[in-house]
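I have a structure here, written as structure tokens, and I will follow up with some questions on it.
Think of it as A, B and C in the order they're written, each chain with its own count starting at 1.
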Amino acid sequence: MRHSTFFWFFLPTALAMLLFIAFPIVSVVMQSVFAPHPAVLVEVETCTPLSGCQRETTIDQEATRALREAEPLGRFVGLDIFTDRGHLATSEIKAIWANSSTWNEVFQRLGNLPFYRAMMFTLVFTFIVTPFVILLGLLIALTVNALNARLKGLVIFFSLLPFVITPLIGALVLFWMIDSRGVLGSSIQWIFSDPNLSLKASTGLMWFSLILYGVWHAAPFAFVIFYAGLQTLPKDQIEAAQIDGATRLQQVRYVVVPHLMPLVTFVALIQLMDNFRVFEPIVGFNAAAHAQSLSWFIFNDLGGETRQLSSASASSVLTIIGVAILLSPVLVRTWRDFKGKA
Amino acid sequence: MFLKKVALVSALAVLSGTAVSACEISARVSVVGNEFPAIQTVGAEAKACSGAEVSTNLTKDHQSINVPGMQGNPAEYTSAIIANSSIVALMNEDVIRPLDDLVAKHGANLQSSQLIKIGGKVMAVAFMANAQHLMYRKDILDQIGVEPPKTYEDMIAAAKMIRDQGIMQNPIGGAYASGWNLAQEFNNMFLGYGGSHFKDGSAAPNVNSDAGVKALNMMKELSAYMNPDFLTHDSNATNAEYRAGNIALLNMWGSRAASQTTTDGVTDAVKNGHAIAGPMTVGGGSIPASTLWWDGWTVAKNISDEEAEATFVAMSNGIRPELMGNETIRTQAVWLIDGYTPTDAAIGVFEAAKMGTIPYPMLPYMGLMHSALGNELSDFMQGKESAEQALADVEAAYIAAAKEKGFLN
Amino acid sequence: MQSNAQKRPLGLQIAIYTFAGLWLLMAAFPFVWTVWGSFKVELDFFSIADWTYAITGERTKAEYGRPFTGAGYEGAWIKEEFWRNAINTFIVCFFVVCTSLTIGTLGGYALSRSAYKYTFFLLITALIFRAMPPVTLVAGYMLPFFEWNLWGILPTTIIVLVAINQPFTLWMLHSFFQSIPKELDESAKVDGCTQFQAFRNVIIPVMWPGVITTGLFSFLLAYNDFAVTSMLLAEENRTMVPQIAAFLGTTYTEGNVMFAVSAVVSATVPLFILVMFFQRQIVSGLVAGAVKG
């Protein structure tokens, strides 16, 4: 395709992304290296209903305004926010390294730093959920494809439900079901005959529930993509394999999976990215005491009474970098494919 | 919207009772705020003004919207309805204006106690109050033969008796959900032990202290009598437990008192046994382990004086004393408005005020402290680390945030 | 794969149906539970006293004299006028799907048919764009949108949703276009068509399975989006999901959970119709696409 033709075909989508994603990313990066000016504090008398007056600190707006107007971007802090305790915590890491005697202690103390604690959960979640989603999605797609035509529509509809149902409510309903007195929680207690078992009170079981929810929620996504891919599977290839006497497993292994490979790569890319940004289940399950993620940090920074824009921006930049690192093997592969084709 | 309709119907009822509403405005009014029934009423009554358009955006995401919505010039919103915790964000960004001249001109109906004065200037007009206080099951306490607890120590003693007598396994309820709720419970307990969050007159943290450790240990002791999932229970979940008859004692928001017995499907035992009392003290202190809250409205800075005046007039109309004659409105909140006679559900909040409960601190950096507490205390509650370590973590997290925001160097 | 050349052995047949049944149970159970529970009162649905109440409806019986009540539906649809939010959702979904498919097919097609290196880097850039958490993007939009009076209205939300979903749409359509043989449009160009004519006359007729699948995802993303719609829409323009969230209440006040639950159940009905349509299209698309290819 000629450059100019390509340009016109690509222009509308490029514009949309440039305006609403690229510019905001630039401003987020700026925000992560600039912090608000030092606040000039004054003590004043504050009066509130039912309790009278007392002396309280507030910001001296006159004095602060002068600073703000001189440098509207804020004060330049370089990478300070990236290295503070809420993010990479470099000085804390050094301290831990210098005065811990055993590896166990190192890990113990690393787990006390929010960023590394969140990273542990995020990576475990990502690397368990992603392969299971692909596997389960493929199994469901093959199964649905083998069902008779009447059943297909029904099964597709119900298969899509976990993906479709509003995550807010989906998580709420499941959250309730796994409560120690909910239907699933009671069943689990009955299965293990331990009346005090509670999924929500233990970190390990909470992680397990979150992972289970992650797979349940995303499997339909993989399923639909693979199912659509199966529809374009050339019949002659399968027939050729059958004539060669390939077993069913071999047909799947040597014909179906290679045909679906680009789609598997696609699902893996999207899933790695989405799972790395895991957020909704943590909120829906009220799981912040047991599991946190980078996206949850951002939400927390932006949602408090005092919004921490610089901190949220730094977390966002770290998320992008994290995703880039995570995807790099897949990207290298795609690059080879691309060069191979060109 | 149902809530709005209720408010509107009651507004009409009031209007017909008091002949003509004298609310005439000449410039646009646009209000952003939270969405609970009392605020819906204020919004609907402000909309009753004629002469110019009054629009409201009442949503639970109001805190993320109000600052950007008032930063522009002219500001999208001419008024934000806020509480003592959230006015700080508006003050910090300097987007609200002093109201002294408008109070002098149009504030005849306001009581002086409604005026929120910061540095001698009126920055907001409060219309309702709230506080956490004791709610309990009278029938259960009668059964074990104890008076409603006045202190947290009594509460634990009563809980132990209830458990030992096999009435309930986990008799205490608490909104201990990790995050905002847990931090709020810590604030209560910490203030009850006489702690103060910051070193005098500065933004330096002061929670890793004797009072802090005592507060955490008391919370841990209480949690032994709670449902083991307490770290996931916010105030909604805690209330659901109470209504289902699973708990007998809880420290709960006064704004929830009226609905404890009126929700669909509450058992008769809970309906008949429900009672409320003032907040409890702790550790022999005289100040209750609770905080006082108010809700009020502000006027934006980046708008014309006409708009500011119209906003003041419309919002004053939303909280005019005549509304207190309406029974539905009267029970919606603990109003601070002239002519309000407290309902039974309001005694807890008034008791809290009488006992000298400390207002939730209106400090520029309190929000950062609250977030740090919410994130770092759950490890202690799960028994993963010591109280001292948890509080040291809180201070470290707070210091990082306060440095970023420019409150500490 | 259902060709008669190879009949499935009984064991495999049983395995397939067992697995399908198991998965159906897993996928549908929470939903069926929700549908059943939506006709109860909150204390039954979240039956803290005894989970069997959610099935039998003890508290609902005590309140309404029978184990089912439509109170949640009445509350959501009549009192709270949930239909307004439903209309908004359909406006948003319709325009999001149309816009994002239109510009996405053009872009995705161009990416799949150009062999220059920049196409690869464009795809990677799009992917990195997608890594940006939407919460942060939305927080960045607020101030300019308020400044330019674009905040709170449906068109702004539609464009933002289109843009945020564009990387995904591009990648997906790119993959689908790659599975359509290049010879098709190249032979058309040899016959004297321009690139656009080749696209219109040769590619459009065979691209539907991929486009419809992509459209389904665009639809679902727009339908379920919470981060963007909750922050960028004014109260009167709310779509269904932020409204459902509003039903749930806050720390300060009680929501009406049953309104939310019945709203969620109602919101699934149009999806049922959509999936039926989708299923038929993709099978007919198969006939149109794969046979020719």
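Just so we're on the same page, a residue touches a chain if its C-beta (ideal position, glycine included) is under 8 Å from a C-beta of that chain, and two chains touch if they have at least 3 such contacts.
The shown structure was predicted, so the numbers you read here are calculated from the model rather than taken from an experiment.
Comparing the centres of all chains, each the average of its CA atoms, the largest separation from subunit C belongs to B.
Chain pairs A-C and A-B differ in how many C-beta pairs are in contact, and the one with more is A-C.
Averaging Cα coordinates per chain places subunit B and subunit C 37 Å apart.
With centres taken as mean Cα positions, subunit C sits 18 Å from subunit A.
We define each chain's centre as the mean of its Cα atoms; on that basis subunit A and subunit B are separated by 33 Å.
Residue positions of subunit B with contacts to 2 or more other chains are 64, 234. In subunit A, the residues that touch at least two other chains are 302, 307. Multi-chain contact residues of subunit C (touching two or more other chains): 46-48, 139, 245. Interface residues of subunit C, counted against subunit B in their complex, comprise 41-44, 46-49, 59-60, 62-63, 71, 75, 79-81, 139, 142-143, 146-147, 149, 151-152, 230-231, 234-235, 242, 245-246, 249-255, 258.
On the side of subunit C, the complex with subunit A involves touching residues 1-3, 5-6, 8, 12, 16-17, 19-20, 23-24, 26-28, 30-31, 33-34, 45-48, 50-51, 54, 102-104, 106-107, 109-111, 113-117, 119-120, 122-124, 126-133, 135-137, 139-141, 159-160, 162-164, 166-168, 170-172, 175, 178-179, 195-196, 209-210, 213, 216-217, 220, 223-224, 226, 240-241, 244-245, 248, 260-261, 264, 267-268, 271-272, 275-276, 278-280, 282-283, 285-286, 289-290, 293.
Across the complex, subunit B is touched by residues 35-39, 41-51, 53, 56-59, 61, 64-65, 75, 77, 80-81, 84-86, 92, 112, 114, 175, 179-180, 196, 198, 200-201, 203, 285-290, 292, 300-308, 310-311 of subunit A. The touching residues of subunit A, counted against subunit C in their complex, run 1-3, 5-6, 9-10, 12-14, 16-17, 19-22, 24-25, 27-28, 139-140, 143-147, 151-153, 155-170, 172-174, 176-177, 181-183, 186, 216, 220-221, 224-225, 227-235, 238-239, 242, 248, 262-263, 266, 269-270, 273, 277, 279-280, 294-295, 298-299, 302, 307, 309, 312-313, 316, 319-320, 323-324, 327, 331, 334-335, 338, 341-342. The residues of subunit B lying in touch with subunit C in their complex are 1-2, 5, 34-37, 56-61, 64-65, 68-69, 71-72, 75-76, 130, 175, 180-181, 234-236, 239-241, 243-246, 253, 255-256, 259, 263-267.
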